[in-house]
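Encoded as structure tokens, here's the structure I'll be asking about.
Each chain gets a letter, A, B, C and D, in the order it is written, and its residues are counted from 1.
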Amino acid sequence: MAGSSFGTLFRITTWGESHGKGIGVVVDGCPAGLSLNEEDIQLFLDRRKPGQNKYTTQRQEADAVEILSGVFEGRTTGTPISLMVFNKDQRSKDYSDIASYYRPGHADYGFDQKYGFRDYRGGGRSSGRETIGRVAAGAIASKLLGELGIQVTAYTKSIGMVECDPAHFDRSRILNSKLYMPDEEAEERALLFLDECIEKQTSSGGMVECLVEHMKPGIGEPVFDKLDACLGKALFSIGAVKAVEIGDGLAVSRSMGHENNDQFTELSPAPADASQTESGTRRAQKAANHAGGILGGISDGSNILIRAAFKPTPSISRAQTALFQDGTCHEIRIKGRHDPIIVPRAVVVVEAMTAITILDLLLWNMTATLDKLHRIYD
Amino acid sequence: MAGSSFGTLFRITTWGESHGKGIGVVVDGCPAGLSLNEEDIQLFLDRRKPGQNKYTTQRQEADAVEILSGVFEGRTTGTPISLMVFNKDQRSKDYSDIASYYRPGHADYGFDQKYGFRDYRGGGRSSGRETIGRVAAGAIASKLLGELGIQVTAYTKSIGMVECDPAHFDRSRILNSKLYMPDEEAEERALLFLDECIEKQTSSGGMVECLVEHMKPGIGEPVFDKLDACLGKALFSIGAVKAVEIGDGLAVSRSMGHENNDQFTELSPAPADASQTESGTRRAQKAANHAGGILGGISDGSNILIRAAFKPTPSISRAQTALFQDGTCHEIRIKGRHDPIIVPRAVVVVEAMTAITILDLLLWNMTATLDKLHRIYD
Amino acid sequence: MAGSSFGTLFRITTWGESHGKGIGVVVDGCPAGLSLNEEDIQLFLDRRKPGQNKYTTQRQEADAVEILSGVFEGRTTGTPISLMVFNKDQRSKDYSDIASYYRPGHADYGFDQKYGFRDYRGGGRSSGRETIGRVAAGAIASKLLGELGIQVTAYTKSIGMVECDPAHFDRSRILNSKLYMPDEEAEERALLFLDECIEKQTSSGGMVECLVEHMKPGIGEPVFDKLDACLGKALFSIGAVKAVEIGDGLAVSRSMGHENNDQFTELSPAPADASQTESGTRRAQKAANHAGGILGGISDGSNILIRAAFKPTPSISRAQTALFQDGTCHEIRIKGRHDPIIVPRAVVVVEAMTAITILDLLLWNMTATLDKLHRIYD
Amino acid sequence: MAGSSFGTLFRITTWGESHGKGIGVVVDGCPAGLSLNEEDIQLFLDRRKPGQNKYTTQRQEADAVEILSGVFEGRTTGTPISLMVFNKDQRSKDYSDIASYYRPGHADYGFDQKYGFRDYRGGGRSSGRETIGRVAAGAIASKLLGELGIQVTAYTKSIGMVECDPAHFDRSRILNSKLYMPDEEAEERALLFLDECIEKQTSSGGMVECLVEHMKPGIGEPVFDKLDACLGKALFSIGAVKAVEIGDGLAVSRSMGHENNDQFTELSPAPADASQTESGTRRAQKAANHAGGILGGISDGSNILIRAAFKPTPSISRAQTALFQDGTCHEIRIKGRHDPIIVPRAVVVVEAMTAITILDLLLWNMTATLDKLHRIYD
């Protein structure tokens, strides 16, 4: 409850700083019996690993994960899963001069106001390395959702002005492209734009989109733990996110009711008993999905579509005006190894936080009806 | 923890349905010693009351609040404050036919999938009347923040395509205009547009903006209970919100680092001891506020600026295609008394949720340093 | 989270003071589909109603409960159930002199130290009337457990030195005796002892025992939310409880391992498939139940047996030494209408808190295995 | 929220199994600015270390703690403190035969019923080694309480029938005696009794008492998070605890009101302004402390006195009847390295859980009044 935990039933607690001994997460409440090994988690961590190409920080970290508890004979035991990554390439000296001033666009000033002092090495706890714990936990959540047939997929939606065209969506590109963009042509333009950013000693913002397919209906708790409210918190808790959209997002403010309401469509004949949902109706079909799969805070079984807007990396080489502890301002230039764009490495973080949120609410929903209690306890 | 509570230390729990006996909220964790009476709360509730003009539902409700506990001799006692409003004008018969089908754009289908059946009268728990509890609790949070000098102000930012011009911002208009818009000229155009919506049997979306002035720095808990993450959840938990923005919001995705970073500016000489903040520096000044007052999830003492995008009211008179329990679809027309636009009545809901969130995190921050413990316990 | 809520998934929030407008509870997280009406709850409240005989306070309260939300067409909807009882017989004048001093054995001094002042009328929030909310919520939890075959039964175990003899246990007496004692002979002696207490202007302590039959195995969350830890908190949260025991309780400290370990016994042949528990074994049988049905914080399927020790009512007519606000001490005599013994009216409170705790952990356990997820979502 | 976390504002999350890679804890919400190093924590861990003498398991573990995060330049930063101890002497083969049956007095059967299988090596998560995380976190809480002048001291109260005599209480013995007993003569008798237990291949129960001195008044949240309710949960969450007492504990059930009420006594003249407590009165004095420092769930500034009854170690060498997976029962003898008495090593665990609980509620109480908000934010 002190800020470093997320989720109610599937609950993660992250710890660690950029330049401390390591980064970790404790996952409590993972159901027992899930097959799990370190490779399952490493595949996710490799997607956010630094040093992959010139568009990411040149810090060299293997980010090799170790499972310290909660797995026995290849399966989760129901007890806390402790995961850890050691920091290897901590060049703290890069940051020694940051101790004396507050950088524009960073959390430096807020941390000092809150705690009276701060770990100034590489952002300390506010570093992007904190997301390692989220991604490791998200790998577990994704695997568990996969067992139920639910698939969570995030990708780069836009970088600066360059936006993917849904018509060119190529799912196979996502994990095999430098920028995790599903549109080849857009990625080519984005790479040129990023080269320009590097040359100009600045950075770029962008959008990450996340798609959840084969979602179960009925997930989300009215009224404060709505599915969209929990997803909103999950994505806003990622550093640098300044806006979150569900479905049509901002555009709904300029829409009209008859355009925005997703009309239902006739169901095809029921193929078999298996197609019957709990309440006796077949899964609803809609003519459109402006709602992004969530109505009244509850999933309707359509695909969920959410987006997060990331601000440009605040660490840029260009001269900036910093505030010093004595209250004066001076020009500074930030050294160190920084990404010209946060978005590609944030893709897997968005996917992880989405998976964690959905799994947590899916567990929660198991207690929604007396009928479900009978199914478990009779 | 079961979805109807919000906040950690200042914690509200709402209850009630549109057509039940009433609507209420229990506010637990309100500090003792705040002067409070029913009039303080009624002023807030009157801003969301139905039937104010032709742009809101014609349901007639006084929504007179009663304080049932937690206040003694005009001051809060530190124990739970129970607030209640009785429903008066419940015409349940308006809704009898809704029982048999799922309306487009509504939570009907999701509720049935989740709970096996639903209270179909006027949306039940998913009705906008649920926000009465939030607004009542928000009145208390706002009053308490006011005691510390923090002011929370929400208003209508846009309706459909009609947007307020910041240059025409007139604070005095907000509470004295039909649509709670601070720009007179924009409101006139918005009213014309809403007349058109009514005529066309449809509804409109819009945006609400909220400004927090004289904010304390250091508020917000890294990493999952960031101030923006908690605000994001707070606003997304309001029905019909499909996007939330902090500061520049979505625009940051198209911005560059040197544009988006708020540069610090030299402080004016310290006027007196009172201007010293805790860590020995004077309050930081910035040349811009693209960040909307939050960096790394912690307030920096600038104004906080957030926005929520509301979808058009899903209840429209126009013919629509509903799903029936037997799996077939048919044309329906929704009767009942509905708003052509949610936004004006949602303004005070956004203000309430913002105030509750900020107060909760302000309380939380009181335990951030050993120095603060000494200040309370020595 | 601010002290007036209990439980995680089945979560209750109580409010109200002894001499305010009323007392209530919001029950959030009750599964949908449970048949429920006001009579179900009234039966429980009548067991703690004052004025039943000369051994309870002479305050006259019908304590008639009203269901304000969460039930539709006779069944719970899954949304918050708000329950309320109005205070009728509030003779606040009885308490006017209490404002100026702190009574021995009461919470007066602590409340003033905590909140700076207090609602001095009849104990305010620390009054026994606060338990009305618990009992009302407990009626719901008990009914739901009953649907699963689990039965919770509390009774008076001892009053002063007078203890029930297990050999004389007569279940049918419990609800039909003045003191809720299952042993007729013990009750006769207890009544004589209480007459003596009244005559001597003093009060008596006693024990309440609670038995849970047909318990499911596997309930309780290691390591901090053990079943016994949650029950311990539940019972200690009842005012006047100074000790809690599980199974053999205190006696285990004087026991030896070979005496205290409950040996397993051979199972009788499995009668049918229905007798198979989840993990493929039949329900374990034990030769004894020193453990009171809980090992390692998890139920083993045996009966659960817990006890709570209640202190004597602190309000006695005899002269006592009170602390006044000016720091001096003076002799006072407490007027008002008080019970010479808390225990009989506390029986149903213990039963209620036990039922709430067990139901909450039963819901929680539904998410313990991947297999259970498949049973709900496949 | 999934069982391995404790506390609201000062929140600990433990992880690890007896025979996994290690044991750890994440402490979130520790105020910034506390001086802290590994030696502070090691001193506490050494008190529960195995292999200290023949009355504890012969497993050899240095239990050397490592601080992995949350401390910078010798002070806590306000971010999560991750602490870890590696397991060294894991002889898993000792336990291979345990996989096939359920031991009497152990959690084996419950874990299997809950999770479908278990980590059978040395009890897995239900091992006493889990308490390493609690003790490490408790060292931090104790140090922080010490900064405010609050002292927490636990000791062995009784072993079997041998009880310490309060008249022989010698505080200096506690940390310098084999059994952490403050009464030399009692310890001598206890050692003889334990030799007898070892010879008879059995084990003994006992009591741990904990004393909190210089406690602040006003701590504890009515009504469910009473100080005694939270302490009760804290102690019952320790494996093997079957009863918890506050103050006079069980004896209150046989007491009468005029005996049990602690009368107030005249205050000595106020020495200085510093002796004024918040509400304008000097600290109350009482003629007795039957209440153990807690009334109505709130501390009254007297010493807090609590006790926990521990059952005998369930692992004994003597022949016992175990349940096998096929439903049959057979005689088994438990091998491995076990303590004949849990109590001496549990002393520091009780002290740790008490310190954690009190600190958590002390932080919580900082938000109890508007006056306190002004003290922090003006």
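As a working rule, a contact is a pair of C-beta atoms (placed from the backbone, for glycine too) under 8 Å apart; a residue touches a chain by one contact, two chains touch by 3 or more.
On a predicted model such as this, the values are computed, not experimentally measured, just so you know.
Asker: Count the C-beta contact pairs for B-D and for C-D, then tell me which is higher.
Answerer: Taking the two pairs in turn, the one with more contacts turns out to be C-D.
Asker: Based on mean C-alpha positions, I'd like to know which chain lies farthest from chain A.
Answerer: Computed centres place C farthest from chain A.
Asker: I'd like the Å distance between the centres of chain A and chain D, where a centre is the mean of that chain's Cα atoms.
Answerer: Here chain A and chain D have centroids separated by 38 Å.
Asker: Take the average of all CA coordinates in chain C, do the same for chain D, and state the distance between these two points in whole angstrom.
Answerer: The computed centroid separation for chain C versus chain D comes out at 25 Å.
Asker: When the C-alpha atoms of chain B and chain D are each averaged to a single point, how far apart are the two points in Å?
Answerer: 43
Asker: Chain A: which residues touch two or more other chains?
Answerer: Only 1-5, 8-9, 14, 29, 32-33, 78-79, 114-117, 125, 222, 368-369, 371 qualify.
Asker: Quick check on the complex: what are the chain C residues that touch chain A?
Answerer: Checking each residue of chain C against chain A gives 1, 8-9, 29, 31-34, 76, 78-79, 144, 147-148, 216, 222, 362-364, 366-378.
Asker: Write out the stretch or stretches of chain C touching chain D in their complex.
Answerer: For this pair, the touching residues of chain C are 1-6, 8, 14, 102, 104-107, 109-117, 125-126, 130, 158, 160-161, 197, 200-207, 217-226, 228-237, 239, 241-267, 270, 277-282, 284, 286-287, 290-292, 295-301, 309-316, 318, 320-323, 325-329, 365, 368-369, 371.
Asker: Residue numbers of chain C touching chain B in their complex, please.
Answerer: 1-5, 7-11, 13-17, 20-22, 24, 26, 28-29, 32-33, 66, 68-70, 72, 75, 77-82, 84, 114-119, 124-125
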